[in-house]
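What follows is a group of structures, each given as structure tokens.
Two complexes are shown next, each including chain A; its partner changes from chain B in the first to chain C in the second.
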Partner chain A sequence: MTLRLLSIHTLTITVPATEPKGPRRTVVDRVDLHVERGESLGLVGESGSGKSMTARAVLGLFAPGVEATGRIEFDGVDVLAMRQPELQRVRASRIAMVFQDPRAHINPVRSVGDFMTEGMRDSGVSRVEAGRRAIALLAEVGIDDGERRLAQFPHELSGGLLQRVMIAAALAMQPDLLLADEPTTALDVTTQSEVMTILAEVRRERGLAMLFITHDLELAAATCDRTAVMYAGRIMEVQRSTSLQQAPLHPYTSGLLVSRPDIDLVQRRLQVIPGRSVAAFEAPSGCAFEPRCSYAQADCRAGEPELVLLGSAEVRCGRVDELRGTLPHAVGGPDA
Partner chain B sequence: MPELLEVRDLRKVFRGRGGHADVVAVEGASFNLAAGESLAIVGESGSGKSTIARMLVGLETPTAGSISVLGRTRGAKSPRTRERRVRAREVQIVFQDPYSSLDRLELVGHVIESALRLNPAVSRASRRQRALELLEAVGLQARHAGVLPRALSGGQQQRVAIARAIAVEPRILIFDEAVSALDVSIQAQILNLLADIRERSDIAYVVISHDLAVVNQISDRCLVMESGRVIEQGRTRNVLASPSEPYTRALRDAVPRPGWQPARSPSLD
Partner chain C sequence: MTAVAEAGAPTGRNVASRALTVLGVGGTVALVILVVMLLSAVLAPWLAPYDPNYPDLMASLQGPSAAHPLGTDALGRDLLSRLMFGGRTTLLGPLLVIVVSTFVGCCLAFTASWRGGLTDAVISRLIEVLFSIPSIVFALVAVAVLGVGLLPVVAGLIIAYTPYVARVMRGAALRERRLPYISAVWIQGRSGISITARQLVPNLRPLIVAQAVSALGFAVVDVAAVSFLGLGVQPPTPDWGLMVKSGLDSALRGQPTEVIVASLAIVLFVGAVTVVGDRLGRGVTGR
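So, the complex of A and B:
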């Protein structure tokens, strides 16, 4: 049996208390997730769900005071147990990250060429060779006039173009896993569609796996092999994307699908999930989603349901056996 | 009876500075808005949609063309206080980022009460009561009147911004990407709230958005803008179902949905 590329076990992340002597606050609560080689997994959640924290933990990126327990196995080695030099090697060569705001992650006074060749130069590649590779990488993300672009500065490039430069740079060290944190959220819809196409192409050509973090369930489901839904720091459901949209197993997933307005259907009112989402440390005992769930019963408050395997899907709902097949799904689906 | 809002040949040029060329943000935009109607202005960044919103509310001065509200054309001169008050009762705006549009040191209740001062239908003595009613109307509670904006979630802050805008009972309410940044579950609540407000009064909406699904849910008619020009307009349902312009079709095709095959658009810059 081949080793899974990424395997996260009972990852829990806490942040310092807001007041002195207060309890630490949990933001990610016993997350189990995996990504196979070459696979794309969408990680979806609303604000405070813990999706970005989970992704950053894979790179061992923690703000001061943040503590993580559990295991994050990348190619069989626990990232959380790695020392700095080892962690840096993994970050430099095997896991690459693309962020929401490329401008915040690129030095504005250095050229695109400097930015793209820096890593290669550090690992001993000559200047000429690094430049040649950078131009080839830019061509791979649809930028044909690479030579001209390398001489330009970040402010001379549009947001969409700059995001493609970031993707090209991420590919430079031939990573096995791409962590993409809301990479298209700040972009226009047509540019988003372009960037998603490019991601799909480079992934296919290179057999690159991707963990795609987004608030947009429709985008994740439309572009990733599987989609995981997080709520209050927990995984609520993981399924193949097509079945997630057509047969959601968790009332929260179903609620997210039906509360989004549709481009074709006009509804007088949208079906809403009442209340607001909560962070893990605000979640009640019992099922974290219970206060907002229209299917909740007294039992749902009694204890927190486990994430259980159901065929190839996983779901954390105490009533899954009764509700299975009955939850409303996306209105715009092909069978609607 | 005059049209509620009549916009004719609106043009806005931003003068280039430091050797940069002038930028034509809006070119020849014309449209009407009737009482009780909801009009969406759709487009991507740089299309000029937000510049139109800012001109409607008086934050930018048109370079050419006219904006008339209830038959009165707005002059290019800066209005006096009295005129400003009249205008505030005609057009209000809600922005994308509610927190930056709220005074962070002002209690939520005061935010609403200040806006109520512009509304002569509400006496000074009844302002407090009316503010609480407005908070309830947007799904908040009386206890929220006593907190600062930062104690509220993003969705709650946006409700405060909406309550403040409807406090003056404007004829036209503009939403400049006001639901774009909200979480999905909160966005649905706000969209329903906006539908409820329109059902209870003859308030008209101008909805600036890049999100075609939101536009479909909230507007009767829409304008599609590209590079400062209105390239297509009509009933929202028709424009979205059978767009006549390639650009509108490209916008539509870029919306992720089941079975979506994202595509590179022909132009890459």
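So, the complex of A and C:
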């Protein structure tokens, strides 16, 4: 068996307490995930569910005071145990990241050319060669007048264009894994589809694996091979995207799918999941989703269910055997 | 930040209009004064009407006249020429102090803010200790150890001024490095040195320049003060601080021109520097 590209085992991330001497707060709770070579995995969750934290942990990027336990094996080596120089090598050449807000993540006083070529220059590529590669990369993400763009500053480019520049820059060092942290959230819908098309193209051409973080379940399901659903810092369900949409195994996933409006139906009210989403440290002792779950029973409060393997899917629900096949995946019930 | 990001060819008109927008009318006037004073110091050998050290005892202690626009000192030396030549030592010393202390201060600040933890604690405490001692004391101690002259004074003041720069820049660097674009390049695997040189320094450059210009005014006063005490530049080298000192004697003998022009030169330069530094600083923090 070949080594998995990325495999995360029981990753737990805690942040310092808000009040002095209080207990540390858990934001990511025993997350297990893996990404095969060339595969794309969507990571879906509400705000505060820990999806961004998980992605940043892959790069060893933590805010001060944040602690992570567990293992994050990239190509068989634990990222969390890496020393600084080794980590820096992995970041420079093997894992790249694209952020939600390109305008905040590109230095505003330096030109696009500077932004794109600096990484290459640091690894010993000549200035002329780096410029040539940058133009080729821009062409790859659909920007034809690369030479002119390189001389421009971030404020002269539109959001969609800037996001493409960020993707192009991420590709510069030929990474194996792309972490995309809500790359289209700040863009309007038409630009969003352009950017997703470009991402899909470069992934196909380069055999690039991707961990795609979004709160848009539909977008993840449409663009990724598999989709993982996170709630309260836990993985609730991982499935192939097509089957996730057709046959969700977890009541939470089902609730998310049902709460979307249907384009062919007139709906006066959207269906909602009652209650509010909680962070990992606020979760009850039983199933984290139990207080909001319409299928909850007394057993659900007794203890937290494990993430169990079910064919090619994984799900964390104590009643999965009973509920399997009965959970609605669209407005109006399971057969709508 | 926007003023810095504006691209465009630096034509003469462009420079003038940008100076006006950044500095305002008062600041631009101050800048012109600075440039004129610096140029007359640099070009003194070609512009000065007399040899600054040529004594004409027959014409000593004269007031302003056609031959000597600012008059002469006790030894009959032309005061305008001495003022122009004096600007060279008076301004060179402080400029050296500012350039070196800004460089060293920035290095310390960036190291402290980047490494954090123990490194930051050690550098910060060191800065605070140095901060508690008046700058003139450093200059005097340096003179006591290294002997009288301009260079020991400069060395002492470099140590005195570095903590000022380091303290301001450390805070600014800490604020700047929390911004997302820094973590974006950080996770590209760039080294701290690369990020500092290519991201932090260009972004903090307006602040660095404003800070340096403001500090220049203080440094001119400090260097002149040490000269006035007779511990810096030695006679007969012309120097504004020394001219104030010798001018005081002349004033007692009824001819106050020397002390007036030398003091005015210092006040004018320091005033102009302060105005320019203040306007630059406002431009930086106002956005």
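One rule holds for everything that comes next: the second predicted complex is superposed on the first by the 330 of 336 C-alpha atoms of A that agree within 3 Å, B and C clash if a C-alpha of one lies under 4 Å from a C-alpha of the other, contacts with A are read in each partner's own complex, and residues count from 1 in each chain.
The rule is short, and it goes like this: a residue touches a chain if its C-beta (ideal position, glycine included) is under 8 Å from a C-beta of that chain, and two chains touch if they have at least 3 such contacts.
Small disclaimer: the values here were computed from a predicted structure and weren't measured.
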First (chain B), second (chain C), both or neither touched by A:266: first
Touching partner for A:161 - first (chain B), second (chain C), both, neither: first
Partner chain(s) touched by A:148 [first = chain B, second = chain C, both, neither]: neither
First (chain B), second (chain C), both or neither touched by A:91: second
Touched partner set for A:127, first chain B, second chain C, both or neither: neither
Which superposed partner A:204 touches (first chain B, second chain C, both, neither): neither
Superposition-derived comparison: chain B or chain C, residues of chain A touched: B
Partner chain(s) touched by A:189 [first = chain B, second = chain C, both, neither]: first
Chain B-touching residues of chain A, taken from the complex the two chains share: 46-47, 142-143, 158, 161, 188-194, 196-198, 200, 215-219, 221-223, 242, 245-246, 255-256, 259-274, 276-277, 292, 330, 332-334
Residues of chain B touching chain A in the complex: 44-45, 153-156, 183-189, 191-192, 195, 210-214, 216-218, 237, 240-241, 250-260, 262-265, 268-269
In the complex, chain C residues that touch chain A: 1, 4-5, 7, 116, 179-181, 183-191, 194, 198-199, 202-203
Contact footprint of chain C on chain A as seen in their complex: 59, 61, 64, 87-93, 96-97, 99, 101, 104-110, 114, 118-119, 122, 153, 155, 173
